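In what comes next, subunit A is part of two complexes: it sits with subunit B in the first one and with subunit C in the second one.
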Partner chain A sequence: MMGLTAQSSGIHAFLEELNQSSVKADAIIALAGNPNTGKSTVFNGLTGLNQHTGNWPGKTVILARGNYQHRNKNITLVDLPGTYSLLANSADEQVARDFICFGNPDATVVVADATCIERNLNLVLQVMEVTTKTILCVNLIDEAKRKNIAIDCSGLEKILGIPVIPAVARDKVGLTELKDAIHKVAIEKKPICPHPLIYNESIENAINQLQNDVETLLQGKFNSRWAAMRLLDGDATMITEMLHHLKKDQRQEPLAIRRGEAHCYE
Partner chain B sequence: MSVAEFELTCLPMGKIAQVIHVGSEGATRNRLLDLGLVPSTIVEAIRKSPAGDPVAYMIRGAVIALRSEESRQIKVRSIN
Partner chain C sequence: MNNGEIDFNQIMSKAQILRNQLGAVRDQVVKDIYQQAQEIAGKVVRGQNLKRDLDQKIDNVVTSKIFGFPLMIALLGLVFWLTISGANVPSEMIANVLFGFQDKLTELFRWAGAPAWLHGVLVLGMYRGLAWVVSVMLPPMAIFFPLFTFLEDLGYLPRVAFNLDKFFKKAGAHGKQVLTMCMGFGCNAAGIIACRIIESPRERMIAILTNNFVPCNGRFPTLIAMAAVFMGAFVSGYNSFAASGLVAVVVVLGVLITLSVSWLLSKTLLKGIPSTFTLELPPYRIPKVGSLLIRSVLDRTLFVLMRAVVVAAPAGAITWILANIHIGDLSIIGYLAGWLQGFGQLLGLDGFIILAFLLGLPANEIVVPILMMCYMSQGAMLELDSIDALRRLLINNGWTWLTALNMILFSLLHFPCATTLLTIRKETQSVKWTLLAALIPTGVAVLVCFLIAQIARALGLV
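Up next is the complex of A and B:
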């Protein structure tokens, strides 16, 4: 476990440490989700670490990590701060955003609260736009049932185009299925084709105009459609961060290049 | 602007309304959209803080407190 500042140097230091870790990780998995979705409970359930869990919104202010073994593979799990969005507003959200966008994890698990899944799907869609290797874990299924809410996980799977795993992390329900899903995506490299979000015509035209040039500049380092959209947003912090990562990549061989990443809808 | 359209700030406690338009800009707009306040969302005013500001709203299954400077930017219409 280690603390991390919002600075991008922190992300790089963190990635380097992950690389040099004494336990060789076969895959690095990011764990994301809105605040109070039981993300830390999923983390503890998977890794067996007994982290303190409380009910304060966004209480996970440091980046925790833990390991587990599944089917003879070492999986490193990174517990990101709770976040509503990748269009970062706070330092916490920036840490989560930077890790998902630039840390190039082998899979990103988004934990969603089954009792108010609608609001959680916003983050799911945003993560799906960055990385095809997205898994949705719908947690608190038992509480939803108590409120007469039934979640059609296979229906969600069809609509989103990503694996969807129902869970009650507190009672360790669904965690084996989640480990299996992570194994398929991160180890077996089973391709996932999330259904791309199509925006209105004017936005799509603007994205198309930019995307080829962006693709050339990025040299496949991140998703060019996503990068083009962030340029259209004009989010200065995101653009600075992207430039920083591109420069960094010229100096040292990053995780991103070593692994290589394919996007199935490009 | 239709007659039925008003600012979310004016929604009485216990009443529900439907979002028509989020007028804020930049980071505030992003935040409100991230919290689920998109056009056609149903919002219920559920309680006022002692000073009358902020006000807690039920939005897509979660209770969210908004300052009047934020809720003033949100145009809603009554539904019933």
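Up next is the complex of A and C:
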């Protein structure tokens, strides 16, 4: 059961490579989003030409990373594969999930398409379940406007409980605001309390019955609610992976979800 | 550590019990997430998206039970018809220019006093192979790719996936396999890479093993040329409409065989239950003509053409050498073809055709040029500036309607090209599956051609 080293060595190899990059990063940011939301435009807009691509070790997925400077801090951006969901297991989705979960990014930016925000919110909600340090970038605001769609971003911010930045990445609109938001979350460590997804009663009950045990098992270092959900879903690999990381990372910084942050869910 | 494991096992069994009580957790979770996304969107999105209603109306027709399939096949036929009938004229023009240049080259070699073998290898081998590849492949690709990219950009392909989804489910495969299949129309190697979008390793392997059953653009020119030959020579009243109809039928046959083999695999080597997925139909978008042309011409047409050219040049040279080195009375190619003749006959083909497919392993594009070179080295020299000339050459070499038909089928079904096989090796990390990916199609091709040949002969049709 504990032998899932291929996966963990994959991400560890990648993280090591990340650490050895010539520019020392003050923060590592994951960039997620559905395909065709202009995620790459956001990535290129933020990092300019300071980009590298590399194969995700152990997986046949190409990852790009890039750097930019903002307020004298070096920020490293990791461009995750475009995914519709974190629930399934395609190589792309796994990489996105593993990085958000085990890569300990200082923030995760989800890029959404303003012209079909409803569809994109599925992923946003799922990422918010994994990590509290989520920022939403609503891209293609101009295209939405042309289609007569207006998004109330401050309203969305209130409902979700995470920073929401409207943008037209193609024209570099909103990118400074996005950098500011990333700075607040990743450097200033401004706490975020996303509003959690609520499932139907029977699932919520089942989660409650599992969550305490899971929390003890994972030493409070992972999001126990989310881990309990995966167990209910029958996905034991995530938990074994988490235990694996606990052992491996004993000397390192606590991972994605700290105990304090996990309390947001209660 | 042991404590951890015991705890873990306890929690696992507890979760198992809870899961059993709950039933389909995943479905419920997905439903809840979607519902909340919808609620939130309802609160923050202002303005009505009129386009969405229109999309819905179009989808009701395009994916309907009655119109979905006829529309799909009609569109497919239309694309092939535009390709075939549109490519004829430019093909002939390019061929005239290129083969005219061949005569100039020959004069140049003669004037320089170059030895005959050098002229043979470079002009008759390399250059002529290249000229055929360019003149026959370029026009259909220049028409087919923009049309296909148009359907892709328009958002029609996901609708095709939607229509075919239930058939793939029934075959024990994944609905997303349709999308990888569509990529395969461009290039099977690209189709294999596209299989990454399928989550379950089992269904992914099925998609990889069967991707080759849709003709890539390396094989389209062969299919199109053979369909034209078949219709022109052996069926009265040739027109491009009938030929494109035949190509459409062949493609549909490829899909049917994909389904059958997928079904067989999911019952034998790759047993399992198909997994569910949510297919989202993206909004229709009117493609931007400029970027469509640039992408399909640069990314696809020129890329594929370059690959064909790079492979065709050495293959043309090697084939010429093999065809012109004689041992006794017979060339090396003659020996090899003679050796394969019996096997070819069984399949309704001949030794040269089998040899051309074997020599064409580097790229499917060069199978027909190699075949022509083989035939022409046998003495029947012809100016090949049109499909008509090709037809005469083939008939002179003993072709019947059965040869043309089985050539089409063998081309559709046979082993993938070397690039595709290397890609499969890379993606599956397994020599065993790569071998299977070569053996399964070849087996199907041999079986189908054998049966057709035997039945046709038994009925006295040939």
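Convention: the second predicted complex is superposed on the first by the 216 of 266 C-alpha atoms of A that agree within 3 Å, B and C clash if a C-alpha of one lies under 4 Å from a C-alpha of the other, contacts with A are read in each partner's own complex, and residues count from 1 in each chain.
In this section, a residue touches a chain if its C-beta (ideal position, glycine included) is under 8 Å from a C-beta of that chain, and two chains touch if they have at least 3 such contacts.
What you see is a predicted model, and the numbers here were worked out from it, not measured in a lab.
Asks: Tell me which partner touches more residues of subunit A in the superposed arrangement, subunit B or subunit C.
Replies: Result: the larger residue contact count on subunit A belongs to C.
Asks: With both complexes superposed on chain A, which partner does A:84 reach: first (subunit B), second (subunit C), both or neither?
Replies: both
Asks: After the superposition on A, what does A:243 contact: first (subunit B), second (subunit C), both or neither?
Replies: Only subunit C; A:243 stays clear of subunit B.
Asks: Check the residue A:30 against both partner chains and state whether it touches subunit B (first), subunit C (second), both, or neither.
Replies: In the superposed model, A:30 contacts neither subunit B nor subunit C.
Asks: Please indicate which partner A:75 is in contact with in the superposed arrangement: first for subunit B, second for subunit C, both, or neither.
Replies: Neither partner.
Asks: Counting only touches as set out at the top, which of subunit B and subunit C does A:119 meet: first, second, both, neither?
Replies: both
Asks: Does subunit B (first) or subunit C (second) touch A:181, or do both, or does neither?
Replies: Neither partner.
Asks: Looking at A:216 after the superposition, I want to know if it touches subunit B, subunit C, both of them or none. Which is it: first, second, both, neither?
Replies: In the superposition, A:216 touches subunit C alone.
Asks: Would you mind listing the overlap between the subunit B footprint and the subunit C footprint on subunit A?
Replies: In the superposed arrangement, which is not itself an observed complex, subunit A uses residues 84, 87, 89, 115-116, 118-119, 122 for both subunit B and subunit C.
Asks: Name, in rising order, each residue of subunit C that touches subunit A in their complex.
Replies: Per the stated touch rule, the residues are 1, 4-5, 7-8, 10-12, 14-15, 18-19, 21-22, 25-26, 28-30, 32-34, 36-38, 40-41, 43-51, 196-200, 277-278, 280, 282-283, 426-427.
Asks: Within the complex, which stretch of subunit A touches subunit B?
Replies: Going by the criterion above, the answer is residues 84-85, 87, 89, 115-116, 118-119, 122-123.
Asks: Please name which positions on subunit A make contact with subunit C in the complex.
Replies: 1-2, 36, 60-61, 84, 87-93, 115-119, 121-122, 124-126, 147-153, 155-156, 159-160, 197-200, 202-203, 206, 209-210, 213-214, 216-217, 228-229, 231-234, 236, 239-240, 243, 247
Asks: Spell out the residues on subunit B that touch subunit A in their complex, using ranges where they run on.
Replies: 27, 30-31, 33-36, 59-62
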